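One chain, subunit A, appears in both complexes that follow, with subunit B as partner in the first and subunit C in the second.
And then the complex of A and B:
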């Protein structure tokens, strides 16, 4: 077949280009612009080269925030993924209760971040919060405004409460796509419950689980609102995750240059980790083929 | 290996079936001989898969019992029945190698590795996948996967029965013949009781010693391929088996003569007087065009099927098919059809009526 060459067709992609330019490229470029300049006010800017990047790379503050961030993402993934799978495996497969569970599971996902933060902030308060009061009456020393451990437990439990449903729903969708014949064949082959999970359910869920892990990783790596509302990054800097630190730097201290350099590196780190993760997972998938 | 007995078996998918029409499987009592090769034949939704799942224990029947060698297994779980089943769509464990797949049922039963290796080799040779044992199963073609499922079903020597639920649906036509031959050979060598569900009559007739024809949740006939061809017990059997199926025409039967639209012909045997819906059934192979005798028909077209011709004709609004030899000449004056009296069956309310003198 002969292909018609018509360069006017490029105009068809123009609307998308314009849209992407205004929504992503131009804002990103202003950040790039700030990251290579310095200012002393009066809207006067001076070329600073890679100075801010250099400073940020040697800043303990940023490395500490990154460490806390990685720990946070690691912990919530280690809890939410197995827990989500466990919940999905135990959800009813059909009937009224299946729909009921689905609605119940979706509820936390529908609550805005800010509200989730507020709920847990109040819930955990030792003076008026149900959780805080109960723990105190049980004789457990819990105060997220004073103890870093309590603060960490609070934000981790909050994230698990908010997002395990997502993993569970995705895993549930993966489980539902397994034809009955697989379970029947496993029965005939006398496979144990563990083997059914290991050789039938897990391989069939692998694809959606990869998406779940990727989504949860990216989302938790960028988390801001919820821990900010609950702990504000405290006590001290104990729960100052990357975004919180970035906002402090950019809007609190108005250090636009370092903050811009920080943002760009932050963005690149997320991009890099997601890319490595995706490549590893798809290669594992291919090796299986 | 076991004799399978279905005792007053019936099944409904509804929790409280009201009448007979609520049953996917109507009440039946049958014996399936030890070591027999059976084909369960019927169109989709006739209950054949339901019956198979009851035998394998994936489904508990609403009533009646299933016995293996006289022992009641109606409520026994699948694993205890020691049966193997191959499903319509290939079920393989994707993350395992071909070897591990074949070994899976044996390893789960704790057989020692030397025995497992030996059996896996043997089965791999049978399904022609010896050189692919180390491969991962994902990415194999559908027919390779189905061969693995077949292999997994056959790897255990001591099974009570091997059940096949339309296993060759996804397989290429030329592979179908090969696998079917292998299954037959396997049956011959090991003598397992085999039950093969299919809606393909060729598959059923070539595979099985005995074909069980099901229609609307009922077993309408169990017989050898010849019996099904010569003496269909139900008009459905006549229609379903044969290509084209049996001609069924409403008639009035008196003694040994049938009257249809003012014509009459010899039935070859005498019948008692009957009420209800009376029909005669003649296979196209036993109908012959003639210029002088028989029923007047309107010829519509002649199809050449290579080895024979199929003549489509009409007789007072009823379609009649006639199979003629390839070298038989068909002239425009041949507007009558004659039935071979020895091969005319009489049906009352769809069930065959035995002529007087024949043991029912």
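And then the complex of A and C:
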């Protein structure tokens, strides 16, 4: 759509600007403030320069948390994206069953995140959970409160359960936009199922999938509630992801300086990904999708 | 918009040989999704002795006592009321400020519009963990700690950008000629916006409201950090029960089931826009 230039439109966005500035800029400035100061208690602060950033960049704790975080995001993307595409390809195209599947698939997306954690915490327990009990009866040693591997499997399966539907729904939206003529042409050419997928469906889904991947990467990168409820970051530090570590540092130990420096670096990573996301979105808009 | 209709006949003939395969895949996937939810529902209808004693796949002694506990004990049901209050406040605030802004973004070029639009997005993507402590200090210092409005305002951090993006996605679908015709007909901006434009994008407003409601409802970290007693959300009530000794599993499960209900009730109406909403109004 061709838009007209009108600087008075600023008045229309002013309320948003004020509100979001109040709830984003002021807190962020507080964080910046803490990140360059040190305190000896009693609310007395001293200029510390970039000391905290230096300390955090050389702290094993942050690098380990970042490593676990990247591993978590990598694993869930590797599972959710192919699985989501697979589910989308198998969804009914229209009619009652399409709506039926859409509604049931969306259900996990609407459950409060701590309830998601509670559901899996209960489901995986060896004494009262269906999953834990079944695995135990099969003779598999599974206890997510003691074994790091079991804890990891639990939070990964939980995330797959929670968010695969999002990838599937977006891929499905992409699939529905493919005109039927494409399939008919492919049929005339006697293209195999794989070739239809590779040369028609995948390219047409590419934009939507990119959004799905970025959204999943970003949301998994700041995941807090679900793994916190299930494992509390344990056993040991095995499932302490970035947000869990940050909350522990800021609200638990009240290490304001390091936590603030941590926050800022965390935020910069998110900013970078947001920028990629934005570029993808605006390119899609230009193509008129 | 991608809502082009497919010719059903053609797609059916294409998928006919694998229709059974499709049904099996979908059944398995939906089973995987529903089994944990079923287990929670199952537990909520059992007595604690049955939960901890025999391992049963369905409740042998069906009981609604757990639900009765929640609906009669103020420490439980006020959690729901608190959550609902701040969620509704947040939805109203978000939509009120987002509507004009989305209109501006969808219709006009103005100085810094792209940067502003991007900056809004970064707030949707900001990790709540980064904001937990500063929010705590900010709202404590202005005396709003443990009030509903504090949580509602805090959730604006990600809901206002979300609402702007979703609404902008819907508004760009409305032809600009409608605006121009209305102005020629002598409508003021406010009159046009409320009487003509808003009815045109009512589905978009509904979807945006749904997503604001939902993201505020599912969030826990900020709402827990900003409240202690008076505005404590149901989610926080649940986590505190988890950490306490002598856990009442049946009541916990019933509380969980009750939190799923608001989303489940309205999901049918937004089913065709779910993907669009989660993708911030795009797709």
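Criterion: the second predicted complex is superposed on the first by the 255 of 289 C-alpha atoms of A that agree within 3 Å, B and C clash if a C-alpha of one lies under 4 Å from a C-alpha of the other, contacts with A are read in each partner's own complex, and residues count from 1 in each chain.
In the analysis below, contacts are C-beta pairs under 8 Å (C-beta built on N, C-alpha and C of every residue); 3 or more make two chains touch, one makes a residue touch a chain.
This structure is a prediction, so every number in the text was calculated from the model and none was measured.
Once chain A of one complex is fitted onto chain A of the other, the partner contacts of A:272 are absent, as it touches neither subunit B nor subunit C. By the touch criterion defined above, A:50 lies against neither subunit B nor subunit C after alignment on the C-alpha atoms of chain A. When the two structures are aligned on the shared chain, A:149 is found in touch with neither subunit B nor subunit C. In the superposed pair of complexes, A:203 makes contact with subunit B only, with no contact to subunit C. Contacts of A:188 after superposition: subunit B is touched, whereas subunit C is not reached.
Contact comparison for subunit A: of subunit B and subunit C, C touches the greater number of residues.
By the touch criterion defined above, A:78 lies against neither subunit B nor subunit C after alignment on the C-alpha atoms of chain A. Of the two partner chains placed by the overlay, subunit B and subunit C both lie in contact with A:179. Comparing the two interfaces of subunit A, the one with subunit B and the one with subunit C have residues 179, 184, 187, 289 in common. Remark: subunit C residues 2-8, 10-12, 14-15, 21-22, 25-26, 29-30, 32-37, 39-40, 43, 51-52, 55, 57, 93, 96-98, 100-101, 103-111, 113, 116-118, 120-123, 125-138, 153-154, 156-157, 160-161, 164, 172, 176, 214, 217-221, 225, 235, 238-239, 242, 249, 252-253, 256, 259-260, 263-264, 267-268, 271-272, 274-276, 278-280, 282-283 touch subunit A in the complex. The part of subunit B that touches subunit A in the complex is made up of residues 53, 56, 58, 77-79, 83-85, 87-89, 91, 93-96, 104-105, 108-109, 136, 138-139, 149, 152.
Across the complex, subunit C is touched by residues 1, 3-10, 12-13, 15-17, 19-20, 22-24, 26-28, 30-31, 86-87, 90-95, 99, 101-115, 118-123, 127-131, 133, 161, 165-166, 169-170, 172-174, 176-177, 179-180, 183-184, 187, 208, 211-212, 215, 218, 221-222, 224-225, 229, 242-244, 246-247, 250-251, 256, 259, 263, 266-267, 270-271, 273-275, 277-278, 281, 284-285, 289 of subunit A. Subunit A makes touch with subunit B in their complex at residues 179, 181-182, 184-185, 187-192, 195, 199-200, 203, 287-289.
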